[in-house]
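You will see chain A twice below: alongside chain B first, and alongside chain C after that.
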Partner chain A sequence: MSLWVDKYRPKTLDELSYHEGLTTRLRSLANSGDFPHLLVYGPSGAGKKTRISCVLRELFGKSVERLKIDQRVFLTPSKRKLDVNIVQSNFHIELTPSDVGNYDRVVIQDLLKEIAQTQQVDLSAKQRFKVVVINEADLLSRDAQAALRRTMEKYMSNLRIILCANSTSRLIAPIKSRCLLVRVAAPSLEEIQAVLQQVAKNVGFDLPPEASEKIAEESNGNLRKAMLVLETLKMQSKDLNSPLLTIPKPDWESYCHKVADLIMSEQTPAKVMEVRGKFYELLSHCIPPTVILKTVADRLVDKMDESLKADVMYWAAFYERRMRIGNKKIFHLEAWVVKVMSLYKVMCTSIY
Partner chain B sequence: MRTPPAPASIDCLSGLSFVFTGELPGFSRDESVSLAKRYGGRVVGQPSSKTSFVVLGNNAGPGKLKAIEKHNLRTLDEDGFMNLIATRKGPSAGGKVDDKTRKKMEKEEEEIKQGAEELARREEAASLMFLSSGEAISRLTQLWTVRYAPKTLKEICGNKGQIEKLQQWLVDWPGSSKSDFKKPGKNGTNIYRAMMITGPPGIGKTTSAHLCAQLAGFTPIEMNASDARSKKLIESGANTMNQSLDKWLTGKGSLKTAQSVNAAGVEITSRSCLIMDEVDGMSAGDRGGVGALAALIKKTHVPIICIANDRGAQKLKPLLNCSFNLPFKKPDAVMVRSRIMTILYKEKMKVPANVVDQLVEGAQADIRQVLNMLSTWRLSSDTMGFDDSKALVKMNEKYATITPFAIIQKLLGPYMFSPNARETLNDKMELYFHDHSFVPLFVQENYLKTTPSLVRKTDTPPEKLKLLKLMDRAASSLSDADIVDSLIHGPEQHWSLMPLHAVTSTVIPASCMYGNTSYTGPNTISFPQWLGQNSKQNKLMRQLGDIQVRMRLKVSGDKTEIRQHYVPALFPHIVQPLMDDGTSAVDEVIERMDKYFLSKDEWDTLVELGVGSHKDEGVLKKVSTATKTSFTKKYNLKVHPVPFHKAQDLGKLPKKLSAEPAPDLEEAYDVSGWSNATNTQPNFGTRMMTTFRMRTMTTRRNQ
Partner chain C sequence: MFGHQQKNVQPAVDERTQPWVEKYRPKTIDDVAAQEHTVSVLRKALSSTNLPHMLFYGPPGTGKTSTILALARQLFGPDNFKSRVLELNASDERGISIVREKVKNFARQTPRAQAVASDGKTYPCPPYKIIILDEADSMTQDAQGALRRIMETYARITRFCLVCNYVTRIIEPLASRCSKFRFKPLDMSSTSTRLAQIALSEQVQVTNEVISALVSTSAGDLRRSITYLQSASRLSSSTDPPAPITLRDIQEIAGVVPDEVMNNFASSLGADSIPSIFSKLEKQDFDTIRQQVKSIMREGYSAAQVLSQLHDLIVQHPVLTARQRSACALAFGDADHALCDGADEELWVLQVALRVNKAIS
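Moving on to the complex of A and B:
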């Protein structure tokens, strides 16, 4: 009864369906006996984690799939206790240091050294080293990244690190130079459709190509999203052949579209405050500010006059950068909204 | 600033009342108000039928214009106002004043004279006493605040009703003591054994307490912050007066046998009254003092009057429950003026009424401070002009903390940034530094709520555009401010950027958007939402993290992926069935949750995370109560797979208890409870705990 996305996740390198070249390379790496540190990057929903677990399986065999979760407590220098959740098997360990915010350095230092200094005790193990998978590596603070540098070289005999990130731009150069960079690009429309068809076949229903095409388009190259949408769609509408089929949008996306419509409807202080309220609602319900900005901007560009599109996107990029540097995201979101409103108003008044 | 003309006489505006509205071209609001006051005029905020003139500037408030029409008031423009000053003759120059005003002035003068005579008489009597008793201190060397302290209830300025209540309570004390504080009396005060007077400094709280006690025939005994008042001292009575407060408790009875006399030589009888001054000053050194005092109040046989400045203070909580609250307000400026004028007449100082008003206003009705200022001034001069008083007030300015609400009213209000405002950039930045963490948040919350003065009518397209331009400038400046803020609070801590933050976060937005602010409706100045929203976000983020950890064994995505894709995708599986099918869907939902190791708590979070059509309120409304209860019941009945145990779930006995002696097992369990206790471990633990607690409680009581 798991969701399809989890049920039909490929477990071995052989089952992977797209990026054939990458799969071959990963297989030969895993079998070479000279496995490097990896930095796997690409957009979310492209299959980074799936590929990492396939590589682990190739390295250590089936027993790597026996996972357990542990909660470890770390002490900061100021004696604050940090709870960190760790997923591990006998051969590898997976952690998300960015969960503890600024204290990620402590976690990296303590945990990595501990693992690095103990050798693999299981004599039947296929490899002499353990693997540490670090999730959300692009959110690591600079200190934490610096703490990784030397450990990666010094304990190479006991330890390999696989970093998983959305983009490499926030990683410092020394880290990048110590890793083999593996880019997992988003699957193309055809690739997504092929996967969807495969899943439909496995489940045992007929997926019309029009529906799969619609889903693929809607998913923006995020295969996870595509699969979840497919399942929701199958549950909600019995007849997938109907030409009126609409792809269900997630709650936050339709909410963002409402915001965009508000911005277009009227350009007054009262409307800005209404938009602010909606932004607060989205932010407090854990929608990342950059996602909000992108979704609203996309919607605005769809609806607005051609002449304004470039400007709207320019300012969206401008304020997205500021959001990343600054603390209070809502300030920048609001500044962008006001900017867009005044641009729009200028255009409207110049027409008449 | 335009130079005002020479006045026809120094009190040329006396007897007139003014209302100012709008901006005068040549003067700022403060300057014009001060001009009117300088020449003896009265300035009021709202026009009424008694207003003599309304001085109209540009952009006058619509409410005031309506009132002018309604009351048919005379209006002046700036030139007219100047003309009035230059030509009207005040009473001192033989100008005409109408009968009513003259009579009023004469009456006031008469009262002042009488008061001064009374003071003089009293002083004479006192000096006679001084000669006969040979006391060490002469009246003449006393501070004015002591020399002219009120001697009768009539002389206390303001708070008449409250003082009467206090007086009545003291008078009724023997009766209410006899009835064991059961009869509330006409003010409802007689069921209390203590009074709590609260109010700002210098308005006569201590004086009233002493006076009332004396007049009701009690001997006041005062303890203030200079005495140690810790719990131990209050309980054992080893205080500065070497006098156990237990004596207070016994009251009349035991006093017959034990002659108790305090350090000041005052005999403690049932006619004593304890005045606990400055109770909010019972601080670090007086640990437990407030609690002990509250306990004392509950059994005292002498009246206790507590005095404090801030009623809202957290540490006064225990006292508020057991005492009657008497809030004292700042007295009316007129009352204070007549009292001060009397004293000045007695001291043979020539200070006009408007100057005294200025002083009283500047000291925020703190009579003590006004007297101190005047007594110092007296050393150098007998007269005081309007400008002197202004300077004096400025010099003695109390550092008053302005609330963020007042700051934001000033900043976004119409005067701070108007063309003829006299505030410098530094003055404006100073407002930011009153509370540099709150003011920017307030500005951000409220900058869109004004009716900007820079845009007059908002219905024409060019004006609408101008408004948007201003908003844009303000908003982008706020965005700059956040960047500056992250530099200040970032790892490098550039605190030297604070002034820049002041300008970008506060001054620039306010300079664009200043205008009229409203007190009602949707555009009321409000507390920043950011704080609440931010903590809500943190809370939900943490809960989302819990979900992600639990789902981790099945799902590869990170937190944001879970929120963006799994939460909407899980909705039709684990929430929708409960909404549509009700109780029959519960089993299926629970099974689905177990697949992902989600517990009931996580289900709640998943619902709470929804927005728009999935908003938690709307969703929960659609799930019937029967379904909810059956869901909870069924969930609790079954055993669910758990991905891992949290460290804190396992639970430990608190360390502190291990020091206690081991519990007697026979005492711990009754016979029937024994079998239960051995069967289930957690039960065993809780039983041990309760026994421990009971034992510690009994041992304490025995001690």
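Moving on to the complex of A and C:
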């Protein structure tokens, strides 16, 4: 019993539904025998991972889907032990080095060298090379990226790297220039709707167009989110036709909206205390602070006066950056709330 | 024995997958594109077979490493190259211990006798060795300090060539021991002739439009434009029949945001690329800008690229006043710093957009 997201995930390039141009390109690259290093980037939920797994399938055939999970131990120069989970098949290996934080360089160097120096043993394999998929490549430290740089050139004969990232901004230029950049844009509303309809047909129920449109709008271009919402909706109510159908917002989102309302309602130290309590609650439920900040800010600017909107966003960006550099997230969230409150108060008093 | 066998099995670098950057590296210093001044000085040094310590600096992809490799090859020939030249790529092995051991050991060896050139040509093969320190600006201060004395003591039998992007990161005592050569960014014409040459010998069909797009996206970096050309030709040749390379392909490979998207974005900020008298009449409100930013981020373009292209549009804008432009420039500077710190991309693009809009209106 798996989620629909996984169950109906396309397995081959032929099943992919949108970005046809990209699909043909990937197919011809995989078949040409001259497969370059790839850097796949795009917003989350656009289908990067799906495309990567389809390419692997095209490269190596069905046996690439036989996965095993391995736990490996790496030793840092300071003799600390790192446990890393690695998903691998006979032909490829998947890792998320950013899990180990500062020591990602060690993992990259050790693992890639080890893979690069062993050749493909299976003579029936379709390709001479192995593929290393690196997730969240934009979170790699600079040292790790520099370590990749030489490996990518040196072991080109039996190693290809596929990097998967949300944005190319944080990748160093030498890496970018060694890869073929593949941009996966978020699907449009119509494309999401088409996919939803397709899934509904496969499961065996009728999805009214109004409902699918609503879901697509709510998902903000994130197909994964759209699928999850569809599944919850179906589980909750048997009848998707009713006009009263509302898409339930996740708890944390409505909680964030409550915070925004609090800020708007009254600008006093007492309210700040209340907001702090809510922030702590959100943080302790593992909602990333950046997401909290963005959701609250989005809600705030919807309600605020036109003249203040730009300022709210300005300070949101300002404190978000401080949050990244700083250590204690709650300080910066609060500082931003106080800033917004004071801005709002000044505006309110200047009117009267 | 097993290990030995394995070595033999190791296939030679496949000609087809070899990066063109390596394949078309200049073989002699006369092949080096542009950089006439440096080449003429080096040619003189080649004929007199006397070489000073050298420091090459300049932006990436201008031929620094290519020049010194070509020079060394011309001096020593392929047979002596291994024993006379030590190339250290500072990006993976740097630090004081390497300088103390590897560099020092190599520097104090007396140069071995000249091997007979197997290809029948005669090479000058002067009685010294060359140590090439690539990316020397990423060496630590200590490591550079350790070089100082080594450079002087063994100057009779060893010449150093430091290659770096930023001459200011080389400590003064080292810089003063070398004769400096500055490598300029390549001009349009020499880049495009080199690209056309490569395209011709690889039998890739390219139009002039494509070449000029390659030149403009790479901004004087020849290595980058050659890599882009190779990727583009890979893409085009992998379809059947081979599709011609288009302008759009190049932009996609380089990760450039298409012009129409950028112009659209700029005009929603009130900075049209084609200024009209009416464009400023309606003030853009917050929500349209937010929508624009959202849609750009959804397309998956990288924030750094969007900002740098927007920056180009604003700076070259025909009618904005100097004050307006400086206000925008401040916003760009802040945002770049923030992105380096790893801040959220959407928030910062939005912030810049709002600040630009405010500065202009």
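Heads up, the rule we're going with is that the second predicted complex is superposed on the first by the 352 of 352 C-alpha atoms of A that agree within 3 Å, B and C clash if a C-alpha of one lies under 4 Å from a C-alpha of the other, contacts with A are read in each partner's own complex, and residues count from 1 in each chain.
Note that contacts are C-beta pairs under 8 Å (C-beta built on N, C-alpha and C of every residue); 3 or more make two chains touch, one makes a residue touch a chain.
No experiment lies behind these values; they were computed from the predicted model shown.
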Would chain B and chain C fit next to each other on chain A once aligned, or clash?
fit
Could you figure out whether chain B or chain C reaches more residues of chain A?
B
One more residue to check, A:Ile325. First (chain B), second (chain C), both or neither?
both
Could you look at A:Ala147 and tell me whether it touches chain B, chain C, both or neither (first, second, both, neither)?
second
Answer with first, second, both or neither: which of chain B and chain C does A:Ile215 touch in the superposed model?
neither
Have a look at where A:Ile263 lands relative to chain B and chain C in the superposition and call it first, second, both or neither.
neither
Looking at A:Met313, would you say it contacts chain B, chain C, both, or neither? Reply first, second, both or neither.
second
Of the partners chain B and chain C, which touch A:Glu281 in the superposed model: first, second, both, neither?
first
Angle at chain A between chain B and chain C, C-alpha centres, nearest 10 degrees:
100
Going by the contact rule set out at the top, does A:Leu111 touch chain B (first), chain C (second), both, or neither?
neither
In whole Å, how close do chain B and chain C get at the C-alpha level once superposed?
10
Quick check on the output: what are the common chain A residues between the chain B footprint and the chain C footprint?
325
Chain C-facing residues of chain A, complex
24-25, 28-29, 31-32, 34, 36, 41-43, 46, 119, 128, 146-147, 149-150, 153, 156-157, 167-170, 173, 176-178, 180-181, 183-186, 220-221, 290, 294, 297, 301, 306, 309-310, 313-314, 316-318, 320-321, 324-325
Touching chain A in the complex: which residues of chain B?
444, 448-449, 461-462, 464-465, 467-469, 471-472, 475-476, 478-479, 481-483, 485-486, 489, 522, 529-530, 533-534, 536-537, 540-541, 544-545, 549, 552-561, 563-573, 591-592, 595-596, 608-614, 643-647
The answer for chain A against chain B in the complex is residues 1-3, 6, 9, 44-45, 49-50, 53, 67-71, 73, 83, 85, 87, 96, 99, 135-136, 222, 224-225, 228-229, 231-232, 235-236, 248, 250-252, 254-255, 258, 267-270, 272-273, 280-288, 291, 319, 322, 325-328, 330-332, 334-335, 337-339, 341-342, 345-346, 349, 352
Note: in the complex, chain C contacts chain A through residues 9-11, 13-14, 16-17, 19, 60, 89, 91-92, 223-224, 227, 231, 234-235, 237-240, 252-255, 285-286, 290, 297-305, 338-339, 341-348, 350-351, 354-355, 357-358
